[in-house]
Amino acid sequence: MNVAASTPIIIMSGASVLALVFGVLPWRTVSRVWPSLAAVAGIGAAGGMSIALWGDRQTAYAGNLYADRFAMLVNVIVLLAALATIALSWREPGAVDRRGEYAALILLSTTGMMMVAGAGNLIVLFLGVELLSVALYVLCAMEAWRERSLESGLKYLIVGAVGSAFLLYGLAFLYGATGSTSLAEIGERLFASSLTDEPFLAVAVALIVAGLGFKASAVPFHMWTPDVYEGAPTPVTAFMATATKAAAFAAFLRLFAGTLPDLLPDWQVAIGVIAGATMIIGNVAALLQTNLKRMLAYSGVAQAGYLLIGVAAGGLRGAEAVLYYLIAYLVMTVAAFAVVLVREREVADGDELTAFTGFGRARPLLGGVMTVAMLSLAGFPPLSGFVGKFLLFSSAVEADLVWLAILGAVGSMISLGYYLRVATVLWLTEPDAAGSRKVLRVPASVGSVAVTSGVAVIGLAVSASLVLDVCRGAAEALLAP
Amino acid sequence: MTGVPPSLYLGVSVALFLLGLIGVMIRRNPLMLLLAVELLLNAANVALVGFSRYWGNTDGHIFALVVMVVAAAEVVVGLGLVVAVFRNRLRLDVDEMSTMKG
Amino acid sequence: METNLGWIVLALPLAGALILSLWPGEPPKAVTRAVGVGSVFLAFVLTAVVFAGMLGDDPSSRSHVDGLWEWITVGDLRVDLAIQIDPLSVLMMLVITGVGFLIHLYSTEYMAHSAGYRRFFAEMNFFVFSMLLLVQAANFVFLIVGWAFVGLASYLLIGFDYDRPAAVAAAKKAFVINVIGDVGMVIAAWLIMREVGSLDYGAVLSAAPGAFGDSGVADAVALLLFVGAAAKSAQVPLHTWLPDAMEGPTPVSALIHAATMVTAGVYLVVRTHALYEIAPVAGDVVAVVGGVTLLMAATIAVAQVDIKRVLAWSTVSQIGYMIMGAGLGAYAGAMFHFLTHAFFKALLFLAAGIVIHALAGEQSMDRMGGLNRYLRFAYFAIAVGCLAIAGIPGLSGFFSKDEILAVALEAGTLGIVLWVMGTVAAALTAFYMFRLLFRTFHATEPEGGYAHTPHPSGWAMNVPVAILAVLAAIGGWLQVPGGWHAISDWLAPVLADVPEPLEATTRGEWITSLVTSGLALVAIGAAWKIFGRDDTRRRALARRFAGPRPVLEEAYLFDEVYEQTVVQPGRDLADAMLTGVEPRGVQGIVVAAATTVRDAAVGMRALQTGLVRTYVFAVAAGAVVVAVVIALVR
Amino acid sequence: MGERITFAVAAAAALISAGLVITLKSAFRAAVSLIVTLISVAVLFLIQSAQFVAAIQVIVYAGAIVVLFLFVIAYLGERRVEETVDPLGRMHVFGWLTALGLGGFAALAIANSRLPGLRDDPRKVGNIGGPEAIGQTFLNHQLVAFEATSLVLLVAAVGAVVLAKRAGGAGVGR
Amino acid sequence: MPWITAIVLLPLAGALSMLAVPEGARGRTQARAHALVVSAAALVLTCIAVGLIDRDLGTLQLVDHHGWAESLGLSWDVGVDGVSVWLLLLTTGLFFLAFVAAAIRLPERGRGFLALLLLAEAGLAGLFVAGDLVLFYVFWEAMLVPFYLLIGVWGGSDRGRATLTFVIYTMVGSLLMLVAIIAAAFIAQDHTGQLTFNIQELRGVAFTEGESTLLFAGFALAFAIKLPLWPFHAWLPLAYGQAPILVTGLLAAVMSKAGVYGLIRIGLPIFPDGADNFAVPLAILAIVGIVYGSLVAWRSPTMRMLVAYSSLAHLGFIVLGLIAFDTVAAQGAVLQMINHGLVVAAAFAIVGIISARTGREGVDDLSGMAAGAPRLAGVFLIVAMAALAVPGSNAFVGEFFILAGVFEHHIWMAVLASIGIVYAAVYMLRLYQTSMNGPVTGDGRRAELRGSDMLTLLPLTGLMLLLALWPASIAGSTRSSVERAIAPAQVAAGRPAAEVAAPVEVNPPEDHLPLTSQQGGTP
């Protein structure tokens, strides 16, 4: 048994326990600061281990947990998201008297995501999904004095439970059709046999697409997304938007591109249709939103559509594109949410678009970060969002899914309607002179997250070559038998 | 011919799943929704155990056990949320949880 | 040597124009005079030198082409910035700089009270430069450039008094119609490029007989060129701008709209005669257009009241003679008439200018009459001009006009028809010119007196008029039937390639001379009877012709018809596009697309009910959709 | 033959009680119906040689989870958990149609499955469902799942604490 | 020395370093100097590049190549040929003049204004030198952002709608172009076995006619919107109308060339069959645009709109010149791109001066200004004459040879387009006469050109005169580049071999297609 391969997960579990313990210690400073420190330390260590494990595939627990390049890259992505979340919520009111639990839940949710990424077994995959979900249900409802926070938590839980049930049922059929829960064995059996037109597999694919589509916020499984994003505490929303999405797409890739390439004819068109619908509907629905978090939720839906292009395309290029875009999406979304967070602390209803009237002129740096994030999400070159979209469209074209690339282009056109609206509000309007708009000193952690992410949005594009090499390595590991 | 073919077990499983699904779609009481979700998970368990027997391996059983734990966890969190949400409300109705929409 | 001087001739007025327009502040009038008049005078002197030098050359080696630099090379076509100095261009240059100089000199006094003194001379110099460029160009490109530049100069000078809307409108009209002509020439140039692959006169004209064959292309080229010629020379149906152009100051009318620019069409036809020679249809069309124009304009001139408009229509008519002659193949005759016309028409305009100047800008003959008591010099000058233009034997018009008509007699049936038209028009010419003379200087003073007490003109105005009067009187003796043919001989090298030149017979010349001079005398007598003494007969006549008179006054309603059939529909179409197509079509599509997307967004908002059940339903329904897709794909 | 009769009874009981779960007005009664369903399902497990799973089903599921439900129902009070007439009642048809579609699809799949012997008598299987088999698999093959379940339970516990904490005092913040 | 890279990156670096300039009055002066120095340096570098290239070569020269994401075939590939070098010069030159103008009348928040202008300069310069499809796309889109902000922050009252329409409409085309770019590369990979976005390497790929047509359509839509070609100009009146006039000038003078340049650099050489299939439809749109733009310009209420719509008409001529697949016409079109840039920049500069000084922009609101403003009237006259392409003006040269080349193959097109020449006279005279002529008002004296105005107008008119007198200065180096660009399309159009001006590449070289190689021989 290879323990090394499972160290990231073990570290994260340990860190979460540590954070819990720190959280209940009686000394105020300790209970307020140490859990977050423990979390940061845990994330750092797990990240370090993940990087150290970068290399050929290692397995732990009888092949049920992989430590391959793919899993390690996804680990790093979700760990970065977790780190950003911890930083963003450094002084978040909602977490003040539950530091320990808050940090632990973030860490545990991240652990679930890492399990999804490294899953070598359907059971582990499902458990990972559940671990991340259940933790998030709680995190959403963390600001229990806000009715909307609770509403979002309960909505998420109920719909999420149904979504999980779909996934579970699909996994059950996959098991039923192949007789194994091990991904490696499933792949081998499908490769070796003439099983591919087995109806159970069709059922399995349909249900799994629904289940994972739910986690990834793909249309029409997305409807919970705006409500939950709006109601949840903003750092949690940022975490959900980035890390959950990464985990969901890790699962998509692991299952479809990695395990079921022989079923490609089945799932390619289905996922393609979902992707097309997601891009169009997500973007159209975002047009009228006036709440930024809600708008970003729909934007996240639409972005899931772009990511699904890569899933549908499959293969090396598809996986590589999805991974790159996940990284890009992480930084642009975190950047946007960080700015929203700043505004939320300054004014009531700081997540409304109107709160940003003239914001760019008043706060050029943060306005600039927000603008870069919006432009990148819209796919303006030479930002990382563009490089990602380019890769995704390329993968579609290579897989003879040109129609999907065209739908993506159409979706991008529509998306300009709201991304640019944000830029317009930021720069094209005069700042509101009303006295109620107070300007706070931006907490160092939030500010640094915003700026770092903003820089990364550009940096990822400039150093696309480097990042792509990493993604290529991960994609190769994913496709390796 | 003495046994029951696996397909019948699967049929029961599917029927249970559908009942659970319909329950989630037509009920508004969050407690009822959680109950219906239990039906969904049980349906999956029936299928898992059935396939386990069909293939003659234990994986399905393990999966089913895991699902039970997951169900327990969801119920705990779910009930906690229900209690928290409706501590101050008169009726339990998820339709009233629609302050966020559009 | 010739071309070097040619470049200098070209550069002098340009330099004058540049100096005057770029002079910082307002230059002293003396400087303006010196530069404005001096540059043209120098140009004239140098042209004379060229002319003299050329006289010494062998006739066959009198054509010189010189390129200054490679202007452009596109594809395999190379165009140089080049000039061609040959007998034809030198003849034109002499007239342009000579008459031009006289008119510049005249203007120094005529324009003395104008605020735009400097601008006037700058623009006049620019015109002279442009006109020289037009006649010196060695290829079609620079022909067109010169062609357009004279149009531009004409535009500027017609609209010289730019605060008068009428002048501005007239300028615009002149410009636009000239652009139409330019387009015709430009298309001709494309056709030439397409067929010959070159735009140099030398290459094109020498290749013409072979290159165009008999496919009708030559006709097309010639006709397209003639569109330009007709626009510039105010031939039917593109003539309507010239009478309006009289809004410009009188020296402008004299130089541009009488002596030089408007005759450019004649020059063009003569210059490209090689094309017309192989384009019989085009030649006939040109001749007919000339014939129709000359007759029509003559009838219109009879009914005009504005003194300058009479002269303008007379100009149209006289150019009609030249065009008719050129169309028939009487190139030398046309050039001859161009020369004499430049003299007597410039004379008439400048002398009329003295009258107008004396009456402080009054141009209506209704406010004139009996002026011979005050303006004797002008009276004699105009009398000479009238005699010359009327074709009274011995004066210039007699020789040149009759030569064209005599040639027409030899040109078959069409020629005879044209001869009749020309002869009738000649009689009309004598009539309306003397009408002008009598109404202005004889008859009685207008009721209510003159607009301004007439005052005689100074030397600067009188000297040019006097010189021109002499030239108008004797200019015709350059070419005497049965005697000598200075013009034809001079142009012979240029026209050497005409295979069978049409020449008048002695019999034809006699017939023509007798008929036209006889008719002219009758017409003069009639004019005297009607207009010579007082208003009674004129008014009686006017009442009698009350019906047709407005038609003639309005020049056969061409303007009205153009307004209704071309201008207004165009304006309506443009307005329809601006207010209809643009917002509803072009913008409308975009708005509709945006609205559709927006409506979809509204619909989607409604679907997002906030109800958990809806969301679960969506998940289930989505799964069904995915399942169906998979089933369909399988 | 015995399996068939047991199956028929248990399956019928499970489906009927499940139908009651989703239709009964009273949450309390619905929860009780669920217990019936769970036990019937346990019987189905039992006749498929899944003794251990069946036992856990009864003990943990029926015994613990549903009891938790009953506690909460009791805590909130019966009156507040009753539903009024659904204003969107007519929309239920879409739900039914969707379920029907999904069911039809699954039924087609089961009917057309090419897995050998799926629609025939079950093959004899060894002891796959006994505690020792379960234990072996869990500890030898599925250790990571075993550990992960503990994390899920940890999350549930933390969640319960977090969500219950409110009772103790008002939230911080605004 | 990587000249071209330096030219592109210099303004970019200048824009970024503008952040270091302090705010406030002192910063404004510093920002002015900074922008002027940077743009002047870019201009000087461009002039050096003009001097360095071999004018007869026709291929991409001064090439810089750096890998970017080479696994995908993406790279930083820049270089110039006889066509693009002039467009580069137009860009850096006009931007330099724009900075001069901006320095004289710096708007509020001048630092940002100048920085964004520098960004726009970098974007446009990059576009004209991009040797890689993706790089081309990057610059194509990237320049939208600075223009978006320039219009949005400093624009007129309806700037919100204007910017949205401008950017979204442009992106509608360009996103489809992105798909086309990707599709082109992958389809080419099927033919050649090599994945590349390099424009040079994509030439001569034997796309089937269907592929070529679809791909060309994808590109052509983007080009048509950016140009804009009728009827894709819905954004034009809004953007031109609302932008600060300086920006309007740059949009019309420089950015509008992007679409044309796309045709000549990508559309014709890489997708000749598609270009051939679309030649007549595009020509019809161009001609309709010429007539329509002229008519609407004629009746436009404001001076700005009049010039804007005239620009629509002028671009129609340029497009017509390119898709005639004729050396003469294409050379004319290239020349006309430069001419139009100069003329329309000068026209907008004049309109800007008039509207700034008199506060009026309506064509009929002004009158008799020539009396008080003789210098303005003089310069305006020159510009107006150039704008209506009076023979002897620089614009005439371009228009003449464009239509001459078109005439060679499609007489009716050239003749129909000539209608536009006549209407150009009508609308430009309306513009000139209603403002300068007529009853004298006091506006003239207010609007008279000052020395500072001359700093921008004199170079523009000077260059216009230079190009009128010596068009060979530019045309001399465009021939071989243009011939190379249109040769494939000429073959596709079935022109006789004698007419095809340059050898047609075949990619991959060993894959000999007898038809192409036969027709592609030099005449």
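By written order: A, B, C, D and E. Residues from 1 in each chain.
Please note the rule applied: a residue touches a chain if its C-beta (ideal position, glycine included) is under 8 Å from a C-beta of that chain, and two chains touch if they have at least 3 such contacts.
Just so you know, these numbers come straight off a predicted model, no measurement behind them.
*Asks:* Averaging the CA atoms per chain, pick out the one whose centre lands closest to the mean of every protein CA shown.
*Replies:* E
*Asks:* Where are there more C-beta contacts: C-D or A-B?
*Replies:* Ranking C-D and A-B by C-beta contacts puts A-B first.
*Asks:* With centres defined as the mean C-alpha position, give me the chain D-chain E separation in Å.
*Replies:* Once rounded, the distance between the two centres reads 68 Å.
*Asks:* Between chain B and chain C, tell me the centre distance in angstrom, where each centre is the average of that chain's C-alpha atoms.
*Replies:* For chain B versus chain C, the centre distance works out to 96 Å.
*Asks:* So the centre of each chain is just the mean of its C-alpha atoms; given that, what is the distance between chain B and chain E in Å?
*Replies:* Their C-alpha centroids are separated by 64 Å.
*Asks:* Just the number, please: Cα centre separation of chain C and chain E in whole Å.
*Replies:* 37
*Asks:* Name the residues of chain A that each touch 2 or more other chains.
*Replies:* 123, 127, 130, 134, 137-138, 141, 144, 155, 158, 162, 176, 197, 202-203, 206, 226-227, 288, 417, in rising order.
*Asks:* Residues of chain C touching 2+ other chains?
*Replies:* Correct list: 605, 608, 610-613, 616-617, 620-621, 623, 627, 631.
*Asks:* What positions in chain E touch 2 or more of the other chains?
*Replies:* Where chain E is concerned, no single residue meets two or more other chains.
*Asks:* Which two-chain combinations qualify as touching?
*Replies:* Every pair of chains in contact is listed here: A-B, A-C, A-D, A-E, B-C, B-D, C-D, C-E.
*Asks:* Can you list the residues on chain B that touch chain A in the complex?
*Replies:* Touching chain A from chain B are residues 10, 17, 20-21, 24, 30, 33-34, 37, 40-41, 43-44, 47-48, 50-51, 54-55, 57, 59-60, 62-63, 66-67, 70, 73-74, 77-78, 81-82, 84-85, 94, 97, 99-102.
*Asks:* Could you list, by residue number, the parts of chain E that touch chain C in their complex?
*Replies:* Residues 165, 169, 230-231, 233-235, 237, 292, 295-296, 298-300, 326-328, 331-332, 368, 370-371, 374, 378, 381, 385, 388, 390-392, 396-397, 400-401, 403-405, 407-408, 414-415, 418, 421-423, 425-426, 429, 433, 436-440, 469-472, 475-476, 479, 501.
*Asks:* Which positions of chain D touch chain A when the two form their complex?
*Replies:* Interface residues on chain D, with respect to chain A: 105-106, 108-110, 112-115, 140-145, 147-149, 151-152, 154-156, 158-159, 161-163, 165-166, 170-174.
*Asks:* Mind listing the chain C positions that touch chain E in their complex?
*Replies:* 21, 69-75, 77, 81, 119, 141, 144-149, 151-152, 156, 159, 162-163, 165, 168, 171-172, 175-176, 179-180, 182-183, 186-187, 189-191, 193-194, 570-571, 573-575, 577-578, 581-582, 585-587, 589-590
*Asks:* Can you name the residues of chain A that touch chain E in the complex?
*Replies:* Of all residues in chain A, those touching chain E are 361, 375, 379-382, 386-387, 389-391, 393-394, 397-398, 402, 405-406, 408-410, 412-413, 416-417, 420-421, 423-424, 427-428, 464-465, 468-469, 472.
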